[in-house]
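I've put the structures underneath this note.
You will see two complexes here that share chain A, one where it goes with chain B and one where it goes with chain C.
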Partner chain A sequence: MITDVGYLAVILALAVSLYAAGASLWGATRNDDRFVQSGRMAATLTFPLIMAGALGLWFALITGDFGVKYVAQVSSLDTPLFFRLTALWGSQNGSILFWNLVMAGFIFFAMLRPWREDKPLLPYVTATMMLILAFFLFINLFVANPFERFLFPPSDGAGLNPLLRHPGMIIHPPMLYAGFTGFIVPFAFCIASLATRRRDNLWLLASRRWMLVGWAFLTAGLFLGGRWAHDVLGWGGYWGWDPVENKSLVPWLIGTAFLHSAMIQEKRGMFKNWNVFLMLLTFASVIWGTAVVRSGVLTSVHAFAQSDLGPLFLAFIVVMLIWSAVLWISRLDTLKSENALDSGFSREGIFLLQNVLFVSTALTVFIGTIFPIITEAVNGTKVTVGPPFYNQVAVPQMAALVVLMGIAPLMAWGKASARALGRMSIIPLGLTALSLLVLAVVGVRQLIPLALFALALFTLYQTLIEYGRGAAARVRSMGESWPVALGRLILRNQRRYGGYLIHIGVVLFAIGATGKGFYGVDVLRSMALNDTITVGNYAFTYRGLRAVPCEFNDCRTMQASMLVTDAQTGAIVGAVFPHRDSYPIQQHTATIADVTGSWFEEVYVILAAWQDNGATASFQIYINPLINLIWLGGAVMILGFLVAFWKAPDPIRAPRLAVGLASGAALSR
Partner chain B sequence: MISVSNSRSGRARCLVLTLFALVIGLYLVGMIWPAVTVAQAPDPTLDDRVHDLAKLMNCPTCAGRNLADCPTDTCKQWKDEIRSQLEAGKSDAQVLDYFKTRFGPTVMQEPPREGALLVVWVAPIVAAAALITAGVWVARRAAIRNAPAASRPAPVSDDPYVAALEEQVRQS
Partner chain C sequence: MKPRFVIGFGVILFAIAAMMVFTIAANSNLEVRVNDLLAERAKGADLSERVFKLTGLVVGESIVYDPATFHLQFDVVNSRDELANNLATAPRITVVYQGVKPDTLVHEAQAIVTGKLGADGKFHAGNSPDALMLQCPTKYEKAEAAAGQ
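For the complex of A and B:
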């Protein structure tokens, strides 16, 4: 009953969203604010309505109402409460409802904005958002309906996909969904600006913070997804260039390019057309990505999200692309640059290069992802474009981006000075050379990893020096202590120094990825009981296999125990208990690794197989150096986002210092 | 003035070309780098050799994972096949060739670098080159059009300290 009320609410949401779009457009053409406001109110209403739908489905999941097909599909009598809640997005139909919920949430907050000087954009923003929401609600109601009921309800359900039974499941999909759907706000502002033929930066200024929010959620989602893969998929890695991973990376790359070039439009009034193009491309790639996951045209570890929605999404994306391209091209001339580029050798020039590299990297990932579809269409064979391809083609472009991150702050706006660039890169270059020497002594002597470490370290040192230079200026002129100077510097320039913090996070990630990629060891060994083998600096002793109670009722667990010691000294490093869970009902096996080692070097062990009740067993052993820097890098990126985004209370930021420009001039000497 | 402007656009070209060379260089090194870039076990046993070969291959039954990581029965048969061929004394390349001729080039993790499939290897780098060239063209055209114009004051932060930092990087 309650569930059906939810169903009804979602039907209403579709009707309301169509009304909101119609009323807004009518109000805009008739110049009648009453209709525009009515459309805005209606748009605000979609969130509570879809929330009611989600609550209805949650109610069915919690009470175990297996009459609802979706509930029977993703839960069973013994599914714990936690996974009943996350089961809302545990399979296709529910996850689209959840997608709609998150998207409507963003719309809700966007509609509640004060809408002062940007009021002329309102009707078109509303209409754009509502038409997109209506499309997804349409799919939810007519193609992938989570409220559908059985004629004869089963007594128990199938249970949640074992792969999705991980604590990360409560957070990874919501983060990604928030990332994708968050881009709807800047996209709608962009379309509204085009529709009203505006020349100014209004749409950009109004939506920049929304873009940043979407970007941060996407970043967090990507890192959490990596962590989930590392913990659950049992391949020791964090990223496999899987189509579904790629489709999240493409909008991230384009969105990151946009966040940077938006700065140029804001500061210099340039790149207006390019920014519109990037915004349209970002949102198009989101819809493309959704189509890729949902359509099942590509094989992926996320196969559980497959369905026959492909053609619908394809139609939607084609319509959207054509429509936004026509809109954009017809407005090209209104978006002339206010300033011209003085010189390519400037910060604007570096930003342009960086933008181009981000887009070409995104294009590389896109081409690699769709290539199997193309070859299948051409000659019927699905060629695999696996990790080796991306490592060789996309990674070099990413490495170049890391260098640009280090150089950009040393380039002046307008025209840069080569001498200043040379002078200011002496210290970071020296530190990098010193570090390379240390690395070479320690034993890092391969060319490519050394080069990659060098790029990352240069950028790391240079960025740290940026903080140092700023703080030093305050220490000298204000006599502040170093921590106070650093704190005030950051609080008065949150975007700048938050951004640099994000750069540091990226560099930490790059160092971790290089370490894991080039110095990671991955071996498969069979061992008899009490055998000892040596891999790298570790000795592994197999101590036996036993059946242990499984976390869930529908599975059986075999757990191995293994002692890990230092191969040289014999000191105990730790014990690992990797296990295999088999789910007879779902015909699924999960290999759950166990880890030990140190913070800098992870030892990751998987129980691959066993014979004769454990008399012999084979293990896959990974030694993952620096992998923790990857997680740390992700955390630092999110921290950097918070610094850039959080609005410090005015008393901290605002007081203009009396010293003013005089001291500023004195400083520059 | 004009000569200054020329030397600046010369520097820009220089920087862009360096960067371009860096990307292409890294890319080419990546292309000719041996396909097995994963770190090898220190003293490879037969297990390790099977495992390393399997990492280069796809399993038909396991979506989105390589043969080594895939636990299905079919994959186990394939891995046993690799093992028995290696035991019989075949080289790594011979084993891979066996699978390629029997199941087609799609058994490999990376697309073959031959014939029409070369497109996927070349297209991204052509796209990158085209985009960078377009960027350089825009920058240079702007620089030429702008050469006689006096340099406008660059945007300065409202924080005098940051303004001072920006001034530091302007000085030659």
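For the complex of A and C:
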């Protein structure tokens, strides 16, 4: 009953969203604010309505109402409450409802914002968002309906896919969805600005923070997805250039390009046309990405089942692309640049180059991903490209972006001086050379990883020096202590120093990815009880196998124990207890790795198989140097976002807070 | 925009495009189904050096795995229909893989194997981490259908 009320609410949401789009457009053409406001109110209403739908489905999941097909598909009597809640996005139909919920959430807050000088944009913003929401609600109700019921309800359900029973699944999908759907707000502002033929930066200023929010969610979603793959899939890695991973990376790359070039439009009135293009492209890539996962057109490890959503999404993308292209081209006259690019050797020039590289990297990943579709269309055979393609074509472009990240802050606007650039790079270059020497002594002697480390370290030192230079100026001129100067420096220009913090996060990630990629070890060994083998600097002793209680009611667990010692000194590094969970109902086993080692080098062990009750067992052992820098990099990027995004309450409180931070830093020393 | 910028970016994009073309030529794998590969072989073409990405459905009873040597072998057929109705006569290819048996390797799973068709008539998976991929979510959809009808 409650579930059916939820169903009804979602049907209402579709009707309301269509009304909101119609009323807004009608109000705009008749210049009647009553209709515009009515449309705005209606749009605001979609979020509570879809929330009612989600609560209805949650109610069915929690009470185990297996009469609802979706509930029987993703949960069972044994499913713990926690995973009944996350099962809302455990399979196709429910996850589209969840997608709609998150998207409507963004719309809700966009509608409630104070509309002042940007009020002329309102009807078009509302209409754009409502038409997109209506499309997804239509899919939810007519093609992928999570509320559908059985004629004869089964007594128990199939249970949640064991791979999805991981804490990461609570936050990874919501983060990605929030990242994807968050871009709807800046997209709608962009369309509205084009529709109203505005020449100013209004859409950009109004939507910049929304863009940043979407970007941060997408970043977090990408990192959490990598972490989930590392923890659950038992392959020691974090990224495999799978289509479903790529489809999140492409919008991230284009969105990042936009965030940078938007700064140029704000500061210098340039790149207006390009920014519109990037915004349209970002949203198009989001819809493309959704289509990739949802339709099953590409073979991927984690695609949803083949479904009939493909043609619908294709039609939607085509309509959207044509519509936005026509709108854009018909408004080209309003997008003239206020300044010309005088010299390539300037801050603007570097930004332009960086933008081109972001888009070409995105294009590389995009082409690699859809290559099977292209070749099938051309000559009827599907040809795929593997990870080497991305590593050889996309990674060099990313490495170039890392260097530009270090150089750009040194360049002046308008025209930079090569001498000043040279003078300012001496210290970071010196530090980089010194670090390379240390690395070479430690044993890093291959050319490519050394080069990659050098690029990343140069940018790291350069960015840290940037903080130091700013703080030093304050120490000199204001007589502040170093921690206070640093705190105030950041608070004075949060966008800038938050941005630099994000750069540091990227660099840490790059160092981690290089370490793991070039110095990771992976071996598969069979061992008898109490055997010892040596892998890398570690000795592994197999100590036995036993049955332990499983985390869930519907599975059984076998756990191995292994002692890890230092191969040279014999000192104990740690013990690992990798285990395998078997799920008889789902006929599925999950291999759960265990890790030990140090912060700088992870030892990751998987129990692959065993015989004779554990007299022998086989293990896959990975040694992942610097992999923790990858997770740290992700965390630092999100921290940087928070610094850039968070508005310091007011100028009186801000210095006090800086003092608080400073004394905290002093205490922790 | 000044011509020199256009030329500069043109050169960069051209270099990237060239890099893509060369890399694709060296790293692409043709996606085939069981029937396609068998038909190619019947034509008498020498396939031993071509890398294929073979998609097929796993025949559960054919799975043989030796945990001591990590030798894994199983058969794949073309379609779910063959698996259900005429398994005995359906054309099949034996896949050989060296490594841990994946958890998801079960009857009816869709296997995507990257490798080469050896002279022994078996399909030898390569040794990259994604040489053997398995897709199972359809099982849940099927369980749902079975429960409902």
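The rule we apply is simple: the second predicted complex is superposed on the first by the 640 of 669 C-alpha atoms of A that agree within 3 Å, B and C clash if a C-alpha of one lies under 4 Å from a C-alpha of the other, contacts with A are read in each partner's own complex, and residues count from 1 in each chain.
In this section, a contact is a pair of C-beta atoms (placed from the backbone, for glycine too) under 8 Å apart; a residue touches a chain by one contact, two chains touch by 3 or more.
Predicted model only: the values in this text are computed from it and were never measured.
**Q** So, on chain A, is it clash or fit between chain B and chain C?
**A** clash
**Q** Which partner does A:Lys69 reach: the first (chain B), the second (chain C), both, or neither?
**A** A:Lys69 sits against chain C, while chain B stays out of touch.
**Q** Is A:Phe389 in contact with chain B, with chain C, with both, or with neither (first, second, both, neither)?
**A** both
**Q** Identify the partner contact of A:Leu464: answer first if only chain B is touched, second if only chain C is, both if each is, neither if none is.
**A** neither
**Q** Touching A:Thr381 in the superposition: chain B (first), chain C (second), both, neither?
**A** After superposing on A, A:Thr381 lies in contact with both chain B and chain C.
**Q** Answer with first, second, both or neither: which of chain B and chain C does A:Thr591 touch in the superposed model?
**A** A:Thr591: touches chain B and chain C.
**Q** So in the superposed three-chain picture, is A:Trp610 touching just chain B, just chain C, both, or none of them (first/second/both/neither)?
**A** second
**Q** Tell me which partner A:Ala158 touches in the superposition: chain B (first), chain C (second), both or neither.
**A** In the superposition, A:Ala158 contacts chain C only.
**Q** After the superposition on A, what does A:Gly536 contact: first (chain B), second (chain C), both or neither?
**A** Touch partner of A:Gly536: chain B, not chain C.
**Q** Tell me which touches more residues of chain A here: chain C or chain B.
**A** Of chain B and chain C, more residues of chain A lie in contact with B.
**Q** So in the superposed three-chain picture, is A:Leu352 touching just chain B, just chain C, both, or none of them (first/second/both/neither)?
**A** A:Leu352: touches chain B and chain C.
**Q** For chain B, which of the listed stretches 22-30, 40-48 or 130-138 runs into chain C?
**A** 130-138
**Q** For chain A, what residues appear in both contact lists, the one with chain B and the one with chain C?
**A** In chain A, positions 235, 240, 242, 299, 301, 303, 340-341, 344, 352-353, 356-357, 360, 364, 367, 371, 381-389, 392-393, 396-397, 524, 526, 589, 591, 608-609, 618, 620 sit in both the chain B and chain C interfaces.
**Q** Which positions of chain A touch chain B when the two form their complex?
**A** My answer: residues 233-235, 240, 242-244, 267-268, 299-303, 339-346, 349, 352-353, 355-357, 359-361, 363-364, 367-368, 371, 375, 378, 381-389, 391-397, 399-400, 403-404, 409-421, 424, 447-448, 451, 466, 469-470, 473-474, 477, 489, 492-493, 496, 517-526, 535-536, 589, 591, 608-609, 618, 620, 656-657, 659-661, 663-665, 667-668.
**Q** What part of chain C is in contact with chain A in the complex they form?
**A** Interface residues on the chain C side: 1-2, 4-5, 8-9, 12-13, 16, 19-20, 23-24, 26-32, 53, 55, 65, 67-70, 99-101, 103-104, 106, 112, 114, 128-130, 133-141, 143-144, 147-148.
**Q** Which residues of chain A touch chain C in their complex?
**A** On the chain A side, the touching residues are 66, 69, 72-74, 91, 150-152, 154, 157-158, 161, 235, 237, 240, 242, 299, 301, 303-306, 340-341, 344, 352-353, 356-357, 360, 364, 367, 371-372, 381-389, 392-393, 396-397, 524, 526, 580, 586-591, 606, 608-611, 616, 618, 620.
**Q** Tell me, which parts of chain B touch chain A in their complex?
**A** 5, 8-9, 11-13, 15-16, 19, 22-23, 26-27, 29-31, 33, 35, 37-39, 41-42, 45, 47-48, 50-51, 55-56, 58, 63-66, 68-69, 71, 76, 104-106, 108-112, 116-117, 120-121, 123-125, 127-128, 131-132, 134-136, 138-140, 142-143, 145-146, 149, 151-152, 154-155, 157-172
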